[in-house]
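You will see subunit A twice below: alongside subunit B first, and alongside subunit C after that.
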Partner chain A sequence: MPLPVKTDDKQAMTHHARWTSYWQAAPLAAVLLLFFVLPLLVTFIVSFWSYTGYSIEPGLIFDNYRDAFDRCIVALPDLCTTFRTYLSTLRFCLIVWLLTLVIGFTIAYYLTFEIRTMTVRLVLALVCTIPFWTSNVIRMISWVPLLGRNGLVNQLLVGAGIMDQPLDWLLYSNFSVLLAFVHLNTVFMIVPIANSMSRIDKALIEAARDAGATGWQILLYIIVPLSKTGIAIGSIFVITVVMGDFITIGIMGGQQIASAGKVIQTQIGALQFPIAAANAVVLLVVVLMIIATLIRFVDIRKEL
Partner chain B sequence: MRKKDDTTNFSRRQILKGSAALAGAAAGTAITGFPAVIAAEPVTLRYLSTATNQSPAIAEKAAKDLGIKIEYVTVTTDDVTKRIITQPNSFDLVDTEYFSLRNLIPSGNLMGMDANKIKLVDKLVPAITKGEIGGKKIGLQGTAPNKVMYLDGQNSRKFAASPTEWITLIPTTYNADTLGIRPDLIGRSIESWAELLNPQFKGKASILNIPSIGIMDAAMVIEASGKHKYADKGNMTKDEIDLTIATLIEAKKAGQFRAFWTDFNESVNLMASGETVIQSMWSPAVTAVRLKGIQCKFQPLKEGYRAWASGFGLPRTLKGKELDAAYEFINWFLSGWAGAYLNRQGYYSAVLDTAKENMEAYEWAYWMEGKPAEKDIKGPDGGLLEKAGAVRDGGSYNERMGSVACWNSIMDENAYMVRKWNEFIAA
Partner chain C sequence: MVPKASRGEVEFVQTVKAYGASVAVAGIDLRIPAATYCCLLGPSGCGKTTSLRMLAGHEAVTSGDILLDNANITLMAPAKRGTAMMFQSYALFPHLTVAENVAFALKMKRVPKVERLIKAKEMLKIVDLEAYAERRPSQLSGGQQQRVALARALITRPSALLLDEPLSALDPFLRLRVRGELKRLQKSLGITFVHVTHSQDEALALSDLVVLMNAGRIEQKGSAEDLFSRPRTAFVARFIGAHNVIDLGDRAIAVRTDRTKLTRNGLAHTTSREATVSTVEYAGTGFAIQLVDDRGSELAALVSEQDFRTAPMAEGERVFASWAPVDAHILEGNAR
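Moving on, here comes the complex of A and B:
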């Protein structure tokens, strides 16, 4: 650090301060540039290359994108593989988002407004993270003895005489995928929403109540608008996780349900890097479009 | 990687300590009188393969017999191929499947191994080198090892039609795969691959989700059902791929499959929990289910087996004492102890004579001759595998390997096949 110069006037001061902030941001910027922007750029470039089973050749061809959308237009109104895959992933995304939002919001509300002491609040917040104490894969495999054909739930249902036959749709189905997603992702909603809620001035709520607002009105006109940032941040977490997922859908769906991530993984496994890169670019564009839409409704920067 | 770091550390330490250390080392050598070669660190070989072929017992025994340290690098089947193509300097020895050679050899990252340096090269089983057993040809559809065993020259990227002195892979393990079933839940005999798509097992069947292997199982099923006869199941035309995938999609939409699996443990879980009663399976997975005390059979089928083989290859850049050590290790591997160890796991080894010398007579009779076990059969870990009197599924070596119908393969239309496979998963 250079020593402060004695003759600094106001202009030099602001000049100096501006550079300081750049320096402070530099390490993170460098890391992001090196490990995020650069690989992304390479992925984008490689998506135009050609490939064989054992090599990739630099080039500027659009075959990979054409293959990714193979017969997507001519087959309409039938959906091609890519459209069907994205439709299925988007459907999961929407349902998981709605469920985690409602559940996450409720829990965050309870933690912030119903719990009086900080200690209890902290303990309960930690309890929410219990699912993350083991690895993702182990968590999902543990569903099998619970939901399987001979699992606990089915044994209970059949044993109690409620069902004559075990339910097959409890596992390796859309239901089990949704269950696992909600179980895994709700905490990503709870934390940012609770964070936004904790900053709401309690005096506002008291004022509203004094002015005669009902509980629902307070919720709708005060708490929800002031939690919007938390909701948006939580939504971004959940949507990006679900859109890019292939492990949860793979294990809980018995690998019978397609996901954009799984398609990419299979192609990488077959050493077809360029077409995998093209699919990754398509996935990125879709996710970015969703996030852009989201940000149009909520100005995240304003609230941070 | 670690090996390199070690040498770096060593030289840095030398430099740091300066001449005093060097003088000390020289004095030490002078006093003990050991030649420099023995005082040097033992050679370490980084051994790249899937978990299936790795065993601490083999590494331990090799260290004891040869003084070579084996450092296992464990990855999945697909990643072995990926590592060879993208990071050919990250290992000294690789154990990979013959079918992936169609991608590996053109990449130029593996060397042809000198047959003259392999002591037992003439004893390698003819099932692999010539595609025959007892002089009789076996099924060679797909990437049969004998088609990709030899190269034109050491650095050639072309396979030789007849044996040469340049070998691509020295076989380690191979086997004949079939469907696994739960006899207790099925309650009748299963004789054909076609049963995988029998509506009787609706919602209780599974196929493996590794395209290049799953498509072969599917082809066996379709041919068995009489729907289509392939010229070569391991090298389908685009139309044949379309037909195969369409059949799979139809079955999937009808709810035939409970789930698909990609990893050994998944297949064990599906079968052991009773989620599936019939599915693609690998031999050690059947053993794993049985070790849980659950009935499971590696069912021989009348259309034959889908075979696979795996072997040692060397990266082109390997040289010096690592190269010598690699040849030494491979020769040791063929000399019997390791072969016996693998045979006891239900695999087959590359040189049968030497493996036989390292097995008890009753073990050999059970595993290789298909005879009823005279005594209890124990696994490599000493656990009880089969009680006395049991007979191996599928019988003897000659019966099992003799009934091979096709081999795992990479097709000419591989890229198209993978795309269609993804369609099947998405359907």
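Moving on, here comes the complex of A and C:
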């Protein structure tokens, strides 16, 4: 992999200095190589191996990929299991992305433009991170006593006479999965968007108002375009997390809802590593395609 | 050029701005005639920027009124007033091209795209930047950015253009050139320019009307000549510079440094002071000599090159700083 050389005028650099910058980049490169490139490479290689119920054989066969899309093309226009799973995962992803974007943008806007003092802004930003003081799983499980059949919400609804009987769809449903996803991921939108917004010169907003822009016009023509990079970075966080998720969907969906990540988890559980690896590669390609599309709209390098 | 009907008569009537207990502008009364180049001058924190921002509508007025062309604009939205503001750091929109920046106000008014871009190009022609219409602000030099900001402010055809330290971001050489351009533009447009600055040179060079502010009040207003030759108070004399403020006990006077003579023998105490030379600086047209008198007050004298050559003086020497009675301008209040 290419090592980054940070320089504007390479010609001015001596031979010695050039090697120095390589050495300085080496530790991070080694970490990435060991914990990112290597596992990815192994996954890619294993996806071409063959397996039986009790053994795994090195090889170079494409059966795993064919199995991953078993009869998917011939069955069209009916959707095969894989396509249905991906469609459902993508749908979750889209809804969660939209919700976290709207909520995250609103909170970031509030923190940046409505809060006047730095201290209050810092305190409120910290409050946003409080849920992260406990583990992911605990945060999800905490919804159970609230949303369960005999949970607080149902007790309240029935007790107040609004409902005759408890609602079933509050927990172990698409609703609860969405709720948990939004709850867990909104902060990943808030932080990069607030970061982008904090770089907007307040004089720009005054200049826009001086030119006759209304509140909505300022939002649409000044704040949103100048927050685009933050929106893109937050979107990448949320999309990659939701596309690969199996824990949230498992716990909040009562192990009843399929997702691309959950398929891989099940196959690993059955020790079918090669097909799991093939599915992982497919998922990676899908996510990369989504991110590539996003980056076409926004030049993230501007912000970094 | 044929002068257009002049516009932009500005009037502050007992205008006050207070932030809680602290008063930024303490009830100013000021009438700026139409088509005037007016500079609000003063040290930082004197209320000049706050006054400008109240006129622009970016700061709410605590009490009093502001009028523009006989309309009370105190409570109007910034864009409805007939003012336009040019911001200190220009505040150009970094994500828009130069043409889009200039056309922004028209876009907000939903003027069709073709029409507003044509108008923007016309405006860019006035500031001589047509060739840069498709560039981004970051690709322009400081002077070019300043002209884009000017074009953007002028596209709404304001009666009063408000400039917040418009020259402070430019290098000294460019500052002089742009200064001349601003004055020419103001004359040809026939509108009022209200220009905030802390530089007395800028104010004296540009203004039809100089308004010197101090601690939220107007210390003196008048033509540049008025302020320079007839400073009302010790503060004005000191701020305008090139004046010695001399305490005569019962009153204070101001004497221009170029009318202050240095001699080796003393005269009457009412027309001279004994002092020690502290620094001697060559100032091109002569020598600027700083002195400290026995009471610790600083004096200065601008001695012509010829006079200095005939009677040179060095640091540490004892001399008498004297002035002709006719050059002593009596100040209101004391020497503080």
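Observations
The rule we apply is simple: the second predicted complex is superposed on the first by the 282 of 304 C-alpha atoms of A that agree within 3 Å, B and C clash if a C-alpha of one lies under 4 Å from a C-alpha of the other, contacts with A are read in each partner's own complex, and residues count from 1 in each chain.
Keep this in mind: a residue touches a chain if its C-beta (ideal position, glycine included) is under 8 Å from a C-beta of that chain, and two chains touch if they have at least 3 such contacts.
Nothing here was measured: the structure is a model prediction, and the numbers come from that model.
Looking at the shared chain after the overlay, A:D78 reaches neither subunit B nor subunit C. In the superposition on chain A, A:G53 makes contact with subunit B only, not with subunit C. In the superposition on chain A, A:D201 makes contact with subunit C only, not with subunit B. Applying the stated contact rule after C-alpha superposition, one finds that A:Y172 touches subunit B and leaves subunit C untouched. On subunit A, the surface touched by subunit B in one complex and the surface touched by subunit C in the other have no residue in common.
By the touch rule above, subunit C contacts subunit A in their complex via residues 56-58, 77-80, 84-85, 87-89, 91-95, 104-105, 107-109, 152-153, 156.
Subunit A meets subunit C in the complex at residues 201, 203-204, 206-214, 217, 221-222, 225-226.
On the side of subunit B, the complex with subunit A involves touching residues 78, 81-82, 85, 102-104, 106-107, 203, 209-212, 252, 257-262, 269, 273-275, 410, 414-415, 418-419, 421-423, 425-427. On the subunit A side of its complex with subunit B, the touching residues are 51-55, 67, 70, 81, 84-85, 88, 141, 144-145, 148-151, 168, 171-172, 250, 254-256, 258, 262-263, 266-272, 275.
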